[in-house]
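Note that the chains take the letters A, B, C and D in the order they are written out, and that residue 1 is the start of every chain.
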Amino acid sequence: MLEKLKKEVFEANLELPRRELIKYTWGNVSAIDRESNLFVIKPSGVDYDVMTADDMVVCNLDGEVIEGELNPSSDMPTHAVLYKSFKDIGSIVHTHSTWATIWSQAGLDVPVYGTTHADTFFGPVPCARHLTEEEINKNYEHETGSVIVETFEERNINPNEVPGVLLHGHAPFVWAENAEKAVMNAVVLEEVCKMNLFTLQLNQESEHLPNRILNKHYERKHGENSYYGQ
Amino acid sequence: MLEKLKKEVFEANLELPRRELIKYTWGNVSAIDRESNLFVIKPSGVDYDVMTADDMVVCNLDGEVIEGELNPSSDMPTHAVLYKSFKDIGSIVHTHSTWATIWSQAGLDVPVYGTTHADTFFGPVPCARHLTEEEINKNYEHETGSVIVETFEERNINPNEVPGVLLHGHAPFVWAENAEKAVMNAVVLEEVCKMNLFTLQLNQESEHLPNRILNKHYERKHGENSYYGQ
Amino acid sequence: MLEKLKKEVFEANLELPRRELIKYTWGNVSAIDRESNLFVIKPSGVDYDVMTADDMVVCNLDGEVIEGELNPSSDMPTHAVLYKSFKDIGSIVHTHSTWATIWSQAGLDVPVYGTTHADTFFGPVPCARHLTEEEINKNYEHETGSVIVETFEERNINPNEVPGVLLHGHAPFVWAENAEKAVMNAVVLEEVCKMNLFTLQLNQESEHLPNRILNKHYERKHGENSYYGQ
Amino acid sequence: MLEKLKKEVFEANLELPRRELIKYTWGNVSAIDRESNLFVIKPSGVDYDVMTADDMVVCNLDGEVIEGELNPSSDMPTHAVLYKSFKDIGSIVHTHSTWATIWSQAGLDVPVYGTTHADTFFGPVPCARHLTEEEINKNYEHETGSVIVETFEERNINPNEVPGVLLHGHAPFVWAENAEKAVMNAVVLEEVCKMNLFTLQLNQESEHLPNRILNKHYERKHGENSYYGQ
């Protein structure tokens, strides 16, 4: 079942430590088949040395396991909510990567200071609020997804244009049309979070990137008039 | 004698440079056999290139060498005191890992700013006081252990729930039920120390993680109702 | 056509990730043949795993493709303008290397605090201004080159003595007489940007390197009386 | 001539990039034979890929080349002065390692904040003054050595107990009884410089390590009553 997608998800999970986004098993990648509305996700807490593509778990958009011997990542219900609400995304990555987690812990949106950011995220990356006591007791991981969706709706941000979010006190979730690109977007967010922190330290009066350059760089790589790549 | 434990301790010591927790031989791991109350520890200042599992030294809880040709780590008496007082722990790691040592040098407890911390340490990681002249002259390494125990007793911290400590002006000691997990806890402390320093730099008003989220994350991974992993 | 130069440019591009100046394909190196006034540049967005020396694209100083199946780097017109104006340079490197990008985002010139800087750059590395709306709409990449040239002319800086520039809100361009040295200069700029940021943090009153030492170190390595190397 | 020493110096030079103390060829190690008062040093600016032990250059304490086809490191006269004045040292290392260079650029002594420092350096590591115009014009590298010696004499520091120095606006020189230990001391200084910078950032009121602990840790590893190692 979904053998090709399992392999892509497995490979993308292995890419997380290679790209220094995680230590041990502190992260998870999933990807969805939009025809069947089933998604494939990493099992919970399995060593990467012994994990195989066949260990990937298949779930539906209600957060139920459809196939797999192992427990899925404990964050699985968050992924399900995101796939349900953000209808164009094909893959989700969650990590505790150092610099994105620092911004999450500081509870701040990531502002746009440069073209490295603008090439991938069309505006600031928002930081979603802490969950309430009630939300935690209800279904923590499911409600985490709902708070992310609320953040994008309330602020009127398009998740296709800003493919990532920080959870206050926790860490980032990042997405894209497929697993390889979702990991790449997580790498971009991590690098941007590092650079922006030190940009502010070097010059507290650093200017945000002017909109005219944000637009130009985002449009070089995205949409009808893009001309980056082959 | 204790061949299996020697091998585990040897392997855990080799893991320290791999996880970038130490340079050269600046660290030591031990593990205890609770039936015989004997523990196995790395020898002092031996190059990792030539060290073998058979070089591990066996000691008792009074800090006496029971078996081994080589001198044990000079920090061995600290390990003995911790095993005697913290009766549930199975392994101890001491390193001068960069970021945990920075917090030690600054003489500050590590506050809880995020779930990376809460997944492993159920509250702030305390910083123990400097030793007095008298304590240094008596038996420096033994008294170091006593000051750690004093810290946990006076502040009423459960060493099973907060498995690590910083020594003011020195570096961290970390523990767990076995050597592999003790190294993993040392990796977590190191990463948390790095992230928390920059969290504070990015936002001096950063909020501590709300208790409701600290509780939720610690309980996801520990105790009867944990549901992380397989 | 220009087979030897293609190979040098190809090798120099591969050196960028090895020297940790770029992630993925976020950079480009070119080199010029001054006899034919044609230059060779990396194609746009091609994975380094599959890229070969034959994929390099040949262009002229008007920014037109002369030979090659693939689209050249989208920054190609910037390279063309620089080769046209800076007549002694043989190779150009563009990266988003972390610390040089941080100074670019902060919009600051890189001052001379030490001999590591003085060995390669004979004075501060300037930060060029943002492009205007009009310049962006005209020909963004071509105008980027023009703004660099304007910066060196207005400030009366010799591009042979200060072989690099920061673009405000973007990242560095660095050059040299050949591709290997251009990459080396990019490494120097990256290291200097890191060191200078923390020099300022450690001591806000840090003195600029006295001119007598700047002169001495630059002259040890450059010009008629240099005596570094073989 | 001095084949064994050449091999040790060659190996120690290769260790510099492995320990991430240098990039390219930005460093040099020498070692002295105290019987003949000749020392062996790395040639200037030779790629590590092609350099062999036979390329090492033999010099005397007046800074004259005694044997060798290649030019010695341009810093050679500094080494000669140090060997002449500091009669117990056997090897010298010069690097532009990142964090020690940052303290050099900031023009500050490295204070003692922890036992990592105290295990190797018995007190603060001094920062030597800039050279005067006259000193630079006379013989820059020779006078650099003289300023280091002046620093230790004026402040009454024993170079055997504090085996390193920072040059204001430049970088560190470090030494020991042999080449392997000199490189190790350079690693310690680099790590201490990193940790102390962030210790100060984390807590501007950080206390210097009390003398009683400085003494204890230095004596654990040095002198008659040391008990570290085998």
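Throughout what follows, a contact is a pair of C-beta atoms (placed from the backbone, for glycine too) under 8 Å apart; a residue touches a chain by one contact, two chains touch by 3 or more.
Chain-to-protein mapping (UniProt): A, B, C, D = L-ribulose-5-phosphate 4-epimerase.
A quick note: this is a predicted structure, and the numbers were derived from the prediction, not measured.
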**Asked** Can we say the copies chain A and chain C touch using the same residue numbers, with more than half in common, or are the two sides different?
**Response** different
**Asked** Nearest 5 degrees, what's the C-alpha rotation angle taking chain A to chain B?
**Response** 90
**Distance-maximising chain from chain D - centres being C-alpha averages** = A
**Request:** Round to the nearest whole Å and give the separation of the Cα centres of chain A and chain C.
**Result:** 33
**Request:** Take the average of all CA coordinates in chain A, do the same for chain D, and state the distance between these two points in whole angstrom.
**Result:** 46
**Prompt:** chain A: which residues touch two or more other chains?
**Reply:** 201
**Fill in**
So the complete set of touching chain pairs is A-B, A-C, B-D, C-D
**Message:** Please output the residues of chain B touching chain A within their complex, sorted ascending.
**Reply:** 19, 113-116, 184, 187, 191, 194-196, 198-199, 201-203, 206-207, 209-210, 212-213, 216, 220, 227-230
**Message:** Please output the residues of chain C touching chain A within their complex, sorted ascending.
**Reply:** 23-24, 26, 43-46, 70-71, 74, 96, 98-99, 101-108, 130-131, 133, 136, 140, 169-171, 197, 200-201
